[in-house]
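The two complexes that follow have chain A in common; it is paired with chain B in the first and with chain C in the second.
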Partner chain A sequence: MHSPWRWLLPISFISTAAQAQSSGWNMPVGVTDISRDIYGLHMTIFWICVVIGLIVFGVMFYSLFRYRHSKGAKPATFHEHTTVEVLWTAIPVLILVGMAVPATATLKNMYDTSEAELDVMIIGQQWRWRYEYLGEDVAFNSSMSTPWEQIRGEEARDEHYLLDVDEPLVLPINRKVRFLMTSDDVIHSWWVPDLAVKQDTIPGFINENWVQINEPGIYRGQCAELCGVNHGFMPVVVHAVEEEEFEIWLAERKEAAEQEAMGVDREWELDELMARGEPVYRAICASCHQADGQGAPPAFPALVNNDQLIDDLDWHIDRILNGVSGTAMPAFRNTLNPVEIAAVVTYTRNAWDSDTGDAIQPAAIAEKIVQ
Partner chain B sequence: MAPKLPPQHSLQHSSTAVADGQAPDAHHETPKGVMRWLLTTNHKEIGSLYLIFSLIMFFIGGIFALVVRAELFQPGLQLVEPEFFNQMTTMHGLIMVFAAVMPAFTGLANWMIPLQIGAPDMALPRLNNFSFWLLPVAFTLLLSTLLMPGGGPNFGWTFYAPLSTTYAPPSTTFFILALHIAGISSILGAINIVATILNMRAPGMRMMDMPLFVWTWLITAFLLIAVMPVLAGVITMMLMDINFGTSFFDAAGGGDPVLFQHLFWFFGHPEVYIMILPAFGIVSAIIPTFARKRLFGYASMVYATGAIALLSFLVWAHHMFVVGLPLAAELFFMYTTMLIAVPTGVKVFNWITTLFRGSISFEPPMLFALAFVVLFTIGGFSGLMLAIAPADFQYHDTYFVVAHFHYVLVPGAIFAIMAGVYYWLPKWTGHYPHERLAQCHFWCSIVGVNLTFFPMHFAGLAGMPRRIPDYALQFADFNLVSSIGAFFFGASQLIFVLVVVLCVRGGKKAPAKAWEGAEDLEWSVPSPAPLHTFETPPVFHRAQHGE
Partner chain C sequence: MWSVIKSVLAALIGVQSDFQRQQDFSSGKPTTFILVAILVTLIFVLLLMVVANMAAR
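Moving on to the complex of A and B:
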């Protein structure tokens, strides 16, 4: 980490800005053509402002120094000058037109979502992202994987503190990928600075954006629109890979999805469900109900020693499938598969001190979802 | 030659509204104690009430900001939970905008507009009283939501639906009511100001003779009358969605969450100018006074203010560049927004040309006014950068935006208010503010404000979103500096309170014309200004004002 005193050197800022690389002080150049264009616009307008600032503040400080009352300065009496006033109205207009032309071109390019080779649906949810590869039968949720122990300061923070997820969005490089973006609850905003994509995900709307990544790598970002209590804990991670690697990954994901789908029909053991349920609970439930199931009443009820939950299995499953309207509890019938729901219900009924011994079968959940 | 003084009999009963609580009134029995302040219809007393109220709210909103900055001092969650953090960011914004900055300008308008146009009082004195006393009601209600079950508003001062409707805490209904009351207060205050300026100018004072503070407030008042009803409409729609089963903003019921943002920012962008236009007026009074030279380009100042006000109705969607507007809308709002730089630039150039070949001295009001010009311009530059729509896809909702609007609001609006207070304190109290202490306040504020807000530019460009209670490790240095700066700035404002209290209680006596280069009508009445001034209208001498 840098010394905080570095801040006191304005020189440092100027030199850093001049190098214009992603320095941690400036906007990243990014890894797409659009992000480079945007970076170029950003630096152009920045230097225009610097030059205007130097001129304006130069005249100002010269006047303050030169025409001091204490040095016996006598005030002039002029108070109007048409030529000057027309000039300093007209010149800024010309500068602005000069700026608007490249900005318009870039914006048009950003809005051209045609001829995409891959469509990915991005769905914002409190507080995770859901990615669906349209036409490929691959879909998954992506939640922050930074443990709460690190946030609470009980563990050392790792390098990608708050910017790590359990399942990153995997994208191929050199292919135009179109994003279709919406939300299941409130407005979120999907943002990855290196890709220069920031787009609100809005319930009831589908927004479009696109990206064509030039370099493989891991690119991190965050939700940019206040979306409730865990807004700060909703990172985005994009893993950009070579095209062949992407095809292999996609095939593996399809196969895993088929495996999971087949698992719905068979009988599951309690231990198996518990093992499957724990990661689901940590990724999906723990941000509100806490890792230890204690919740944060009144907003987020405790799951431990919750008599209604223990006594009424149907009620418990209904809460997870359909959510609770008017609260932060969303419906999971479309975002978790029957195995995951069965596993997480089993987990919450057997973890901590709640040893009900119930092993909820995925087949039973699948039946309820169909109803 | 100064304009004729008002009849001298008022002098015998002179008192300062701030200094002592029992001014005798020649005309009728004056209630004593609390009732005097509850029932007062005097523009000076109501002006003082507004200013004291806004100062208290400035500190309450400041404490909320310090809670936020304390939590952000280092990575991790240390002091408050995210839920409370969100309430603090929200309340900080709401209190500072609606309870600190706006009432402070209204207070200055109450005190100074009648004095600057030679009117005996505001046109509608009882309405004036009512406008003020709505405010403590509104903001007591708003602050009380923090103690309600489920907590206070936690959805940001922009309260985007559906986070502020379907997903909001139960106290949101009280928040809506509080905002309605504050809105009524603003509208009534604005109507009063328009009525006063249009009807009660001294004989001989044309519109184009009015001081710029009066001009900017006249335009601001029209903005208020135009947009506060839009705010009232949008919060009423929220109220219906929350309590009466409508679906204005609920997509599940066929509603439109983006409609909320269009309505909010149709109010919100003019609102931003409501908080800066009167500041332009104050600075345009102070700079010529201490440069001992007439304001350069008076007419162009007036036209620029009008142009900014008109443009403010055509730029609202630049707050919404990433919500998925059509390309044509995106381009339209980018161009109109860039255009605002033109009249704003004209103002800055005029102020600097006023300084050029003046005879400049650096009393406390001038220090704050000069800092305003520099730092507001820096805020203007980042505003110009934000106007570039493609770049805004990277800037939007980051700390770069937070840095931008704090530069135009803190060393912008708030420094202008402080400049105005230092400038007019001799008129209000009859004493000059303590020079050394005021300078100390200025330099501490300058250091504090830049230490707090300048690093935010970098944090935002490096990728830190706004409104997060915890952040990735690469933002740690920026936040550390910002937090230290914030506490320093907050503590420095206690010096301001000390200066004001000392000035009310005593100090170097000020003559009627407290500043050598001051020209407007308020400097023709004694210092402190008697409770009643201009009971007989003064004769306005245009020659004195430069023609």
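Moving on to the complex of A and C:
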């Protein structure tokens, strides 16, 4: 921390050193300066509480024992003692002010989103996160990758059960990254304890926050605001990498996005679309419509043996582009690209028992999105 | 006047001796206390604003 009030936190140094590795009982020390400050404040205030508790209960239990009735203690009968009353008012005020000063300094620092070197838009959606690297033309959805078989108890749970995603948020270390946070539907909350960030994403608002990560690593978190049935299934994974590695990753993503954009215009084979569509379906659609397309009626309709869907291609595409108001079905026109939409439409029309043979072309979808 | 201010400050932190309280009730006028109390509260608010502005800089 660069605050002049650091001298007020001597105890935190000791406890931070002793607890560099999280024991699981306490909050994590984290990997940013802010998270360390917060941990320091937490420990300082904890120890202040411990000392006050020891003094107050010590005096109380000593008095209870020393002046007990069986030893013939007689109660003093006086009405007031102004000096003592002033003292027990003044001392807590001083303690509170003493805690407020370093806490405010940290809080000020937390809210200072100026001079960021990278802007990332974080968008909450039922039930995944979308990350957009502003000015870099890189954007993707980050969906939970824990298989549904594990959730249903049909398979053994792996190490990062419910805390793994298909596409983690990749961030450079030692660089100030500003988050602009909002939501497409209901209120979510983007929470990563190791980064000391827990910020609500609210539709129609943009909240700001920032991180500057000190150590490379994988940091996991969850949605912290109840947002619907799959609230527990939209984890956050942040992959913090060295700056050079980040630049390489960003360049690769940009190129992949360009490749995908070029792919819109060419003719796609059915097999190609199916192969592209399956991972999209698993990441985006399966949490409601299930991996086997059976859905969970009446909330989430089945996609297999769905006559309307099979008979009316335009209706099918419209559902995906524009969503269905009043239901959990969101509009995907801005969050999936034409190739992904064409592929996933093709997939749902040909997977399982549905064998329409329709190969929906990305170019046709791109046209509809523009309309 | 000084005793009125002292009583108002005492009320602000909620500590007052019984002796002073009896005196206030027998000699003072309620309006003086109310006016001084409003003034002291305003000064307190202004003080907080100054502190907040100093902290924000």
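Here is the rule we use: the second predicted complex is superposed on the first by the 318 of 371 C-alpha atoms of A that agree within 3 Å, B and C clash if a C-alpha of one lies under 4 Å from a C-alpha of the other, contacts with A are read in each partner's own complex, and residues count from 1 in each chain.
Everything that follows uses one rule, which is that a residue touches a chain if its C-beta (ideal position, glycine included) is under 8 Å from a C-beta of that chain, and two chains touch if they have at least 3 such contacts.
It should be emphasised that the depicted structure is a prediction, and the values quoted were computed from it without experimental measurement.
Trainee: Considering only touches as defined above, state whether A:Pro147 meets chain B (first), chain C (second), both or neither.
Mentor: neither
Trainee: Would you sort A:Thr89 into first (chain B), second (chain C), both or neither based on which partner it touches?
Mentor: both
Trainee: Does the superposition put A:Gly323 against chain B (first), chain C (second), both, or neither?
Mentor: Neither partner.
Trainee: Tell me which of chain B and chain C touches more residues of chain A.
Mentor: B
Trainee: Applying the document's definition of touch, where does A:His79 land relative to chain B and chain C: first, second, both, or neither?
Mentor: After superposition on chain A, A:His79 lies in contact with both partners, chain B and chain C.
Trainee: Just chain B (first), just chain C (second), both, or neither: which does A:Cys223 touch?
Mentor: first
Trainee: In the overlay, answer first, second, both or neither for which of chain B and chain C A:Trp25 touches.
Mentor: Only chain B; A:Trp25 stays clear of chain C.
Trainee: Return the residues of chain A at which the contacts from chain B and from chain C coincide.
Mentor: The overlap between the chain B and chain C interfaces on chain A comprises residues 79-80, 85, 89, 104, 108.
Trainee: Name, in rising order, each residue of chain A that touches chain B in their complex.
Mentor: So the residues of chain A touching chain B come out as 1-2, 4, 6-7, 13, 24-28, 34, 37-38, 41-42, 45-46, 49, 52-53, 56-57, 59-60, 63-64, 67-70, 73-81, 84-85, 88-89, 92-93, 96, 99-100, 103-104, 106-108, 110-111, 126, 150-153, 157, 159-163, 185-187, 189, 191, 193, 196-200, 202-205, 207-208, 221-233, 296, 298-299, 326, 328.
Trainee: Could you list, by residue number, the parts of chain A that touch chain C in their complex?
Mentor: 79-80, 82, 85-86, 89, 104, 108
Trainee: Which of the residues in chain C end up touching chain A in this complex?
Mentor: Against chain A, chain C makes touches at 13-18, 55-56.
Trainee: Which of the residues in chain B end up touching chain A in this complex?
Mentor: 75-78, 81-83, 86, 149-150, 154-156, 160, 162-163, 166-167, 251-252, 255-258, 291-300, 322-324, 327, 330-331, 334-335, 338-339, 341-342, 345-346, 348-349, 352-353, 355-361, 370, 373-374, 377-378, 381, 384-385, 388-391, 393-394, 396-398, 455, 458, 461-463, 465-474, 476-477, 480-481, 546
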